[in-house]
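Two complexes are shown next, each including subunit A; its partner changes from subunit B in the first to subunit C in the second.
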Partner chain A sequence: MKRCKAEECFFKALMIGSTVAILGSLVLILATVVWRGLPALNLAMLTQTPKGGYYLGKEGGILNAIVGSLFLALGATVLALIASLPIAMYLNLYAARSRQAELARLALDVLWGVPSIVYGAVGFTIMLWLGVRASLLGGIIALALLELPIMARGMDEAIAMIPCALKEASYALGATRLETAWKVVVRQTAPALLTAALLAFGRGIGDAASVLFTAGYTDRLPNSLLGPVASLPLAVFFQLGTPFPAVKERAYASALVLTAIVLGISLISRRLAGRLTEHVIR
Partner chain B sequence: MVQPHIQIKGLNVWYGAHHALKDVTADIPARGITAIIGPSGCGKSTLLKSLNRLLEETDGVQVTGQVLLDGEDIYQPGMDVTEVRTRVGLLAPKPFPLPMSIYDNVAYGPRIHRRHNGTDLNTVVESHLLEAGLWEEVNDRLRTPASQLSTGQQQRLCLARALAVQPEALLCDEPTSALDPISAQRIEKQLQTLKEKMTIVVVTHLLRQARRLADHVIFLWLGELVESGPAAQVFGVPRDERTRAYLAGDIG
Partner chain C sequence: MENALGSIRDKSWKPTWRTALRLSRPAKDRLAARLLAWLTMAAVASVPLMALALYLRARPILSFKPLTELLLSTAWHPLKGAFGFYPFIMGTLWVTGAAMAIAVPPSLLTAIYLAEYASPKTRALAKPLIDLLAGIPSVVYGVWGVLTVVPLIERIAPTLDRWLGYIPLFRVDNPTGYSVLAGGLVLAVMVFPVIIAVAEEVIRAVPQGLREASLALGATRWQTVKHVVLRRSLPGVIAAVVLGFSRAFGETMAVLMVVGNIAQVPHSIFDAAYPLPALIANNYGEMMSIPLYDAALLGAALILLLIVLLFNLVSRLVLMRVARSE
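The block that comes next holds the complex of A and B.
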């Protein structure tokens, strides 16, 4: 009895400790970014592209990177979604517990672990080979490849959790696998699918290494799929690398903008997910 | 002699190495209620799910033999599985509404089979909810999520949903096992009305339920068919010693 109680206390302390550590890190990160970035943040930064001498501390903003990052991450997320959902459906409804499915899952897990600079390098090699310059399209494709395993496995796990009886209920009404996938499985897992897409989006918008060579960087707003495009992570990277304190402060302001975008999209999709859960069968 | 609606001929089922159904041969007459009885794990649900080919959704299942629906083998190569399941519906032990509104649950079948549209569909939904005895309770909230209904209501919704596909036969796998006695009684009542126009097969481990409902009985024992025939005969003058012992409560 006494030993049980001590054990209980120990593990409770462990859980509380872990929770505090995680929340503490989050607060620390947010506080640093806000504390260092907020003073440098102004309307001009959000509404202007860099003017001459911006990186020396003169006028301008990071609108090019904000727009660029949104284009890159949204494009990549849509592209990854188009591939991920069918993959997850196939793994669970068509090839459930088959050798191919296990191999596909293994491949996705390996891809998940591949560092993003490798995606960038591979993308760059292919682009050289095709004779394509660093561009919005190249960046979107590289990011989509980076997001794909995260999204596909996230959706795969969510769909695997569906009770067998629910799928059978649909089959028993004479529905095909495809009808069951689109009409039942998607509705049942909608909140989890959204979370998987969001996770991938967060990973995509915050990644610097894979867009370094594939998307390039420019001080202008993106105006073509085939032209180079700026991105927030690289904006942070370049500004932090200058010797000027004022520009370094702007790097933190850019990081703050990036964090705010991710946070904003998380909050919006949480509300959306809340609305999607009303039909979910438990 | 009238042809039975469903004829099971030499049906064998294996789950991996486990031989779950051993050479089962039985007839299920058109209309009326046929009860499949026997102790737990004797293959009742396996036999039931083999009648609409839902069994093959389970991993590692192997089926040999024939199941004739109006004389046509549903296991013959080239047979359309979805057509079989459209003709033979299923009511599962635990109600699983689809993740959509009450209305959409009932309209699911008619919609995927493209049978109805618009106002016509409204009539279809209403008539089948009436048939399942649920209309009175839900007619003012058809657009609310089906998950908000009570378990008893959900089971009647599942019944309405199955009926909306207009099957010739309805398979019921312990349809009242998850329900309270009053909901169970309502389901039994609906089945007794429905048997006038369709073939109903009920799996039950409740002997009293089988006695109340059945017109015909199939008795399974450890994967073997021991006895089948009209309810009066099987319950009244069982031919096999095991049937007699099971009915008396000595075994199982």
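The block that comes next holds the complex of A and C.
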């Protein structure tokens, strides 16, 4: 009996220890990025594009990358939203509990696991096929492919949670499935849909491997859908790759900006989810 | 409906875009059903289509060299037309293996803790934080790796070499810190949230009655976990680990930044490695200017995709079966 008790205590301590260690790694990562990034961060970095000699340590900032990343992620999120909301509706209202829906969920789950570098390579082959060079459009396509399964499955899960009685009430009033989808389901799940979209946005803005192939890089602000565009993750990566300490410092600051944007979006989505509830029936 | 018929009887009626779109409500619903079905099937079809697109691009190299030579040759000289993926495949396996060895025990222990022991309050606090870990961009992990993990390994490597250097796995020939171990550590932190999220869900899905039966027989809580809960949820837990493995397998930027990128087959966790995703990401720039290089790199992407698809498919099918049986 005593041995049982000792074993229980041992494993419980091990479990608490590993939970603390994993949460500690989060704290450690955030602390490292803040501690090293904050000293290098200044207003010029956020409000200027790179000037001549920026990558040797001269004046300028990463506004091109910040704006570029926002454009890329925004475009990709809109594109993914257009595809994933209908898919989620189809899975729950039209094909509920069918083999087709099961297959589609499996495919989306598998797509979720596909590495972003593969999305980059696929986006690249699509661009070769379309005859487009590395551009904002190419980056948006690759990121939209990456975001689609995340968003579609998130929305699917949210819509699956709504009570059956609500749908039945709508059908009983003579509404078609389409009307039920737009007038009942969307309003009922609005907070969760928004959370799914923002989650995908955060994933998209932080992804480097898929835009590496498809979006290119430029020191100018994006001005055309077919021109190359800078992005924050690549700004971090390229600046870290230079041998100059001053530029490396800026890479840390850029990483801090990126982290702040991603965490900010995650916090905002949690806040907004509680706000958009005026049409939600409990 | 009436309105539409009325306007047809009207002599002055002319078909316009607006009248053409004025469908009856059920017709709109049926049209939507058709369109949505197509859209959903397009998403399903994109899995094989992506593989096909990469295969078509990689075909020149597959017809130029036999597959066994591509996979097993260690010679990597794109300018001379030698494309041996073996060092890169081994690099990926080493880094992923190291990551899993580091990540699996703590993440499973955490999943058990959150599912079985933690109070609802602790769970509500810990789960969003672990989700936050999943949201951090991979380059930020890379920066953390360069700033913290690599210097740490550089510092401890000589000591470890003195104690464990007689074991080939721990021999230090590379004092820089950019190593398989650094890649493994960074990757481990990245797959924690994947394994924990899936494993916790699977463990929580074990019917409460089984736990109660075990506890009623006088088993302690840990005995219940060990003999009942884990045994019941084993397939799902393995699926969670496999999902984590496939996530680690394809991760690019963070690994690329800390692993050293030397095209060799590693023999120790302190050796530098060059995983497949890093190979693709590092050389995309010049791949269009050397013959067959683009085919080789997109072929590497195809290998990556096929392996990850296989692992994902198997573990998702297991998880679906688990979900259905509960």
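Points worth noting:
Simple rule for what comes next: the second predicted complex is superposed on the first by the 254 of 282 C-alpha atoms of A that agree within 3 Å, B and C clash if a C-alpha of one lies under 4 Å from a C-alpha of the other, contacts with A are read in each partner's own complex, and residues count from 1 in each chain.
In this text, contacts are C-beta pairs under 8 Å (C-beta built on N, C-alpha and C of every residue); 3 or more make two chains touch, one makes a residue touch a chain.
None of these values were measured; they are calculated from a predicted model.
When the two complexes are overlaid on subunit A, subunit B and subunit C sit side by side with no clash. When the shared chain is aligned, no partner comes close enough to touch A:78: not subunit B, not subunit C. With both structures placed on the common chain, the touch criterion links A:4 to subunit C but leaves subunit B unconnected. In the superposition on chain A, contact of A:167 is made with subunit B only, not with subunit C.
Touched residues of subunit A, counted separately for subunit B and subunit C, are more numerous for C.
Angle at subunit A between subunit B and subunit C, computed from CA centres in the superposed arrangement: 100 degrees, to the nearest 10. In the superposition on chain A, A:179 contacts both subunit B and subunit C. Touch criterion not met for A:226: it reaches neither subunit B nor subunit C.
Judged by the touch definition given at the top, the superposed model places A:272 against neither subunit B nor subunit C. Of the two partner chains placed by the overlay, only subunit C lies in contact with A:94; subunit B stays clear of it.
Contact with subunit C, but none with subunit B, is seen for A:121 once the two complexes are overlaid on the shared chain.
After superposing the two complexes on their shared chain, the closest approach between C-alpha atoms of subunit B and subunit C is 7 Å. Applying the stated touch rule to the two superposed structures, the overlap between the subunit B and subunit C interfaces on subunit A comprises residues 176, 179.
The touching residues of subunit C, when paired with subunit A in their complex, are 25-26, 28-29, 32-33, 35-37, 39-41, 43-44, 46-47, 50, 53-54, 56-57, 105-107, 109-110, 112-114, 117-118, 126, 128-130, 132-133, 135-144, 146-148, 189, 192, 196, 220-223, 243, 246-247, 249-253, 257, 277, 280-281, 284, 297-298, 301, 304-305, 308-309, 311-313, 316-317, 320. Residues of subunit A that touch subunit B in their complex: 96-97, 163-176, 179, 183-184, 187-188, 278-282. Touching subunit C in their complex are the following residues of subunit A: 4-5, 7-8, 11-12, 14-19, 21-23, 25-26, 28-29, 32-33, 36, 83, 86-87, 89-91, 94-95, 100, 102-104, 106-111, 113-118, 120-122, 124-126, 128-129, 145, 148-149, 152, 176-179, 199, 202-203, 205-209, 212-213, 233, 236-237, 240, 251-252, 255, 258-259, 262-263, 266, 270.
Residues 52, 54, 57, 59, 82-83, 85-86, 89-90, 92, 94, 96-101, 108-109, 112-113, 145-147, 158, 161-162, 165 of subunit B are the ones that touch subunit A when the two sit in their complex.
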